[in-house]
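A short write-up of the structure that comes next.
The letters A, B, C and D name the chains in turn, as written, and every chain counts its residues from 1.
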Amino acid sequence: MNVGVIGAGLMGSTHARLLAREVSGASVAAVADPVAPGAVYADGFDLIADPAVDAVVVASPAATHERYVLACLEAGKPVLCEKPLATSAAAALRIVEAERALGRDLVTVGFMRRFDPGYVDLKARLDAGEIGTPLLMHCVHRNVSVHDFFDSAMILTDSAVHEIDVARWLLEDEITRVTVLAPRPSGRARPGLRDPQLVLLETAAGRIVDVEAFVSAGYAYDIRCEVVGEDGTLELLAPATVALRTGLAERAAIAAGFEQRFAAAYRHELQAWVAGRGGATAWDGYAAAAVAEAAVASLESGRPVDVRLA
Amino acid sequence: MNVGVIGAGLMGSTHARLLAREVSGASVAAVADPVAPGAVYADGFDLIADPAVDAVVVASPAATHERYVLACLEAGKPVLCEKPLATSAAAALRIVEAERALGRDLVTVGFMRRFDPGYVDLKARLDAGEIGTPLLMHCVHRNVSVHDFFDSAMILTDSAVHEIDVARWLLEDEITRVTVLAPRPSGRARPGLRDPQLVLLETAAGRIVDVEAFVSAGYAYDIRCEVVGEDGTLELLAPATVALRTGLAERAAIAAGFEQRFAAAYRHELQAWVAGRGGATAWDGYAAAAVAEAAVASLESGRPVDVRLA
Amino acid sequence: MNVGVIGAGLMGSTHARLLAREVSGASVAAVADPVAPGAVYADGFDLIADPAVDAVVVASPAATHERYVLACLEAGKPVLCEKPLATSAAAALRIVEAERALGRDLVTVGFMRRFDPGYVDLKARLDAGEIGTPLLMHCVHRNVSVHDFFDSAMILTDSAVHEIDVARWLLEDEITRVTVLAPRPSGRARPGLRDPQLVLLETAAGRIVDVEAFVSAGYAYDIRCEVVGEDGTLELLAPATVALRTGLAERAAIAAGFEQRFAAAYRHELQAWVAGRGGATAWDGYAAAAVAEAAVASLESGRPVDVRLA
Amino acid sequence: MNVGVIGAGLMGSTHARLLAREVSGASVAAVADPVAPGAVYADGFDLIADPAVDAVVVASPAATHERYVLACLEAGKPVLCEKPLATSAAAALRIVEAERALGRDLVTVGFMRRFDPGYVDLKARLDAGEIGTPLLMHCVHRNVSVHDFFDSAMILTDSAVHEIDVARWLLEDEITRVTVLAPRPSGRARPGLRDPQLVLLETAAGRIVDVEAFVSAGYAYDIRCEVVGEDGTLELLAPATVALRTGLAERAAIAAGFEQRFAAAYRHELQAWVAGRGGATAWDGYAAAAVAEAAVASLESGRPVDVRLA
C-alpha cells in the first residue's frame, strides 16, 4: 500500500517513519506539509489526488481534518485520520453521513489505544467474561505538562477523549450523560487552566466511568484503567520492563510521553490498517466528539449534560 | 490499665482478645453483654460503674453508643468507642459538647485505619511533602458481601465512613459537599440495594475525593487509596506477603475481610489508646457522622448536599 | 529483501509469517522443507542456490545448521541461523573460520532475547552505569514441559544456552568455567531426566552467574534475570499487561511458552536483520556452544569444567 | 513474666523496649550491662541469679552466649538467646546436651525470621502443599554496609546463618554439604573482604539452596526468598506499604536495616516466647552453627565441605 501522509509534525513524521521502516506491506508514497522541507506536496489535496497514493494518513492540525477526510471519501481512498475526526460533533457527523452515502467503509480514526497490547488484553478478558458484567470503570490520564495553547476545554477534547473512546469500546455501551468537576488547580498549571478535572460518564446501560484528566501532573505520562465487574476487576498494568533497586527503593520507570507509552500501539494500528483489519470507525469518531463536546459544556455550566447522538 | 469491654460480638471479642494477649499494659477487667455466656455484666452501665474498670471499650450495637459514651464521660473514664460514635450527627455533637463541658479529652473513636502501617506511612510521606499539595484522592472500599440487614444507607454510614475519616485525616481538610451516584446495581446485591455507589467529597480547600463503595464485590475485601498531589502521587499498596506462581499466573492474596486486612491496625490502635497516644477524637466522630448523613441525603435526592459542621 | 526460509516447523513457519506480515522491507521468496506441503523446495541447498533468494533463514533441525550456514557463506548470502549455530563447538568454530576467510560478516545467530524490550532496557541501563560494575547475575529459565526426546544435556544446550548468551552479552565478559549441580529431580520430569539443574558460570573478570534451568516446571514459561552491581541491582520484570482480581487474589498472567513470551523479540530480531542492524555473531554462536559443551561435561563428571575458546 | 535482659546494646535495648511497651504479659525486671548507665547489674550472672527474674534474654556479645545460656539452664530459667547460640558448633552442642540432661526445654534461639509475617505465610503455604514437593530455594541477603570488624567468615556466621536456619525450617530437611564461591569483590567492600559470596547448600533429601550473601550491597537491606516446588513457586514479597510516583518512576521503599525490616518479627518472637509458643530450639542453634562452620571451611578451601551433625 502506497501511503500518503498529510502533516509532517510529530504525529505525521512518526507515522511516516513507522510506515517506511516498521510496517509490512506499506511504503510512503508522498508527504504533504506547507512548511516541512522534505514534503512532496505543500497542499494535502494535491497529495490526495496523486494517483500514486493508494491511501492517506491525516496528521495535520485538527481544524483541517474534516475537509481532508471528505476529500479522501470523494477520491475513494482509505484514510486513517488522527483524532479528533473533526473539531465539532456536527462536523464529525457530516463525515459519518458522507461515508454512509458512499456505501464504503473508508474512514479509520486514530484511537491507537485499541491496539495497545495492554488494552487489547483487557478487552479480550472482559469479553471472555473474566469479571462478569462491568459496572464501573476508573481511569487516570496524566501528562507531564502541556503547551501554553492548551486550554481547559482541550483537557477534555484532546486528552480525556481517549478515555471516552476506550470506555465506549471496552464496555460496548454509549455514553449518555457527562459531568465534569474541577478541584483546586495545580500550581503547575498555568493561570486559568482548570487542571486537573474529574470527568464522570454515565452510560445507556447505567454504568459509571470516572476519569481523572490531569495534564500538568509533572511526574510522568501515566495512564491507568480499571474495570469493575460483578465478579472481580481487571486493571491495566503500567508496562514496565525492568526494576532498578538503588537508594533504599525499588523503581520502575513510567513513560515520559504518549509516543513512548503507546509506541507499540501506533505500529500495530498502522499494521492493522494496512492489512485492512479494524480500528475505530467514523461513528466512533463522531460519538467521542459528541461526548467531549458535552463534557466541555458541563465544565462551563457546572452541571450534568446529556449526550444525544444522531 | 484495667479495661472493661461492652459488647461480646465480633468486634468486642476481638478487642478483648487483643487486650488480654497482644497489648502491653492492659488487662480485661470485665465484659458486659446481655447474652454472651462469659460476660461479667449483662448491662454496660454496671460495667462502667465498676470501680475495677479504669477505661472502657464500647463495641455494642451502634444504637447504644451514645448513651454508653455519655456514661463514661460522667464517670470520668477514658472510652474507645467503635465507629460510629453515634447514629446521627446530632447525637455525636451531643457527645462533643458533653466532653467539652467536662474539659477532659476522654473519647476516642475506633477509626482504626489511622493505625494501619500502610496509612501511617502514607500520612507521613504526605506530611513530609513528597508529592506537594494534595489535589485529589481516589479511594476504593470493597467487601465480599454483607448481611441481609445491610441497606443502601449503611454503605455510606458503615463502609464509606472509613474513607470519610481517612480523607479528613490525611488531607487535614473538612468536607463541605457530598454527591452520591449509583450505577446499575450488581447482580450479587440483594434486590433494592444500591450497590455499588460512587461518593464524591469536596473539601473546604477545594479538593475532590472519590470513593467507590461496593459491599457486594464478591472477590475480596479490597481497600485502595491514592492521593494525587502537585508533584506526584502516593498510593497504598495491598499488603501481600507472598507471591504464588502456578497455573500460568502469579498470584498475591487479598484479604477476605477487615479483621484480616486491619489486624495490625486494631492492635496498634489499642496499644496507642492504652499508652495514651492519639486516635480519632469525638470531633472526628461527629464530622464523619455529619458527612455520612449528607451522603445519605444525596443518595436519596440524587443531588449534591452541603455539609455544615457545628 | 527476498528471504528464503529453510525449515517449515514451528520456528520456520513463525519466521515466515513474521517476514510476510509484520516485517518492513521483507518478503518470503521461498520455503524449503522435505515434507511440508507448501514448500517450494524439498532441499535447502536448492533454496540457497536460487537467485531469487537474497538472504536465508535457517530453521531446520540443529544437525543440519552447519552445512546450510556454510553453503550460505559460499553463496555470499546473509544468513540468520536459529540457535544452536551448530551441534558442537568445533563445528561452530568451522563456521567462524569460514566467515573470517571470506572476509564478510554474513552470519547472524538467532539469540532473539537480545531484541526483547526487557533485555534491551536492562542492557541499556547496565551500560548507562545505573548499578555500577556488575558482580553477580541470577537467572531462571523454566518451561512448562518438554518433549520426550529432550534429554539432560539438552537442558543445557537448548535451554540454558540462552542464558549463556545473555550473560556474555549483558556482561561483555567471557565465561571461563562451568559447574552444573542437579538436585533431586522433579516428579514431573520423565525418569532419568536430570531436571532441574543449577548452572554456575564464572567469567574472565571474576563474576558469577547462576542459572536455574528447569524444563518440567509445570506452571508456566518463566524467565527471570537479575544483575547485581556495586551500586544496586537491575531485574527483568515479567511482561504482564493486566491484573485480574478475583477469588481473594490478584493475578497476573505468565506466558505459556517462548513463542508468546518472546513474540516481540522475534519480530524485532527479523526487522533488525532485514535492516542490517546487529544481532549475535558467529563468534557468539561458537562461544555459547563451547560453554554449553563444558556444561554438559560438568553435568556428567560432577566437577567444574574450564572453557577454553579458540 | 518478669524478664531480665543481658546486654544493653542495639539488640538488647530493642528487646527491652518491646518487652516494656509492646508485649503483653511481660515486664523488664532488670538489665545487665557492664557499661550501660541504666543497667541494674554489671554482671549477667547476677541478673540470672536474681529471684525477681523469671526468664532471661541474652543479647550480649556472641562470645558470652554459651556461658550465660548454661547459667540459665542451671538456674532453671527460660532463656531467649540472640543468634548465634554459641561461637562454635561444639559449644552449641554442649548447650544442647546440657538442656537434654536437664530434661526441660528452656532454650530458644533468636532466629526471628520464623516470626516474620512473610516467612510465616510462606511456610504455611508450603506446608499446605501449594507448590508440591520443594526442590530448590533461592535466597538473597543484602546489607547496606557493615562495620570494619566484620570479616569474610562473619558473612557466613552472622548474615547467611539466617538463611541457613530459614532453609532448615522451611524445608524441614537437614543440610549435608556446603560450597561457598566468591566472585570479584565489590569496590564498596573494605580490602580483603570476600564480599559478595554465593553459598550453595545441599540437603539430606537432595535439595539445593543458593544464597547470595552481600553485606556491602550499598543500596538497602534486601532479603529475598523463593522456594521452587514441583507444582510452582512461592516467593517472599518485599513488605512495601506505599508506592510513590515522581520523576518518571514508581518507587517502593526497601528497608535500610534489619531492625526496620524485621520489626514485626522481633515483637512476635518475644510475644510468642512470653506466651510459651515455639521458636528455634537449641538443636536448631547447633545445626545452624555447624552448617555455618562448614561454610567457613569451604570459603577457605575453595571446595565443598560435608556437614556431620552429632
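As a working rule, a residue touches a chain if its C-beta (ideal position, glycine included) is under 8 Å from a C-beta of that chain, and two chains touch if they have at least 3 such contacts.
Note that this is a predicted model, so its numbers are computed, not measured.
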Check: Out of curiosity, which chains are bumping into both chain B and chain C?
Finding: A, D
Checklist line | Identity of the chain that, by mean CA position, is farthest from chain D | finding: A
Note to self: With centres defined as the mean C-alpha position, give me the chain A-chain C separation in Å.
What the structure shows: 38
Checklist line | Distance between the centres, which are taken as Cα means, of chain B and chain A, whole angstrom | finding: 41
Check: In chain D, what residues contact two or more other chains?
Finding: 218-219, 231-233, 240, 245-247, 252
Next item on the list: Counting only chain pairs that touch, give me the topology of the graph as line, ring, star, complete or other.
Entry: complete
Check: If you look only at chain A, which of its residues touch chain B in the complex?
Finding: 132-133, 135-136, 138, 140, 181, 183-188, 196, 198, 200, 202, 205-208, 210, 212, 214, 217-219, 228, 230-233
Notebook entry, point to check: What residues of chain D sit close enough to touch chain A in their complex?
Noted result: 218-220, 222, 238, 240, 245-256
Next item on the list: Show which residues of chain A lie in contact with chain C when the two form their complex.
Entry: 20-26, 117-118, 121-122, 125, 130-131, 231-237, 239-247, 252, 264, 271, 275
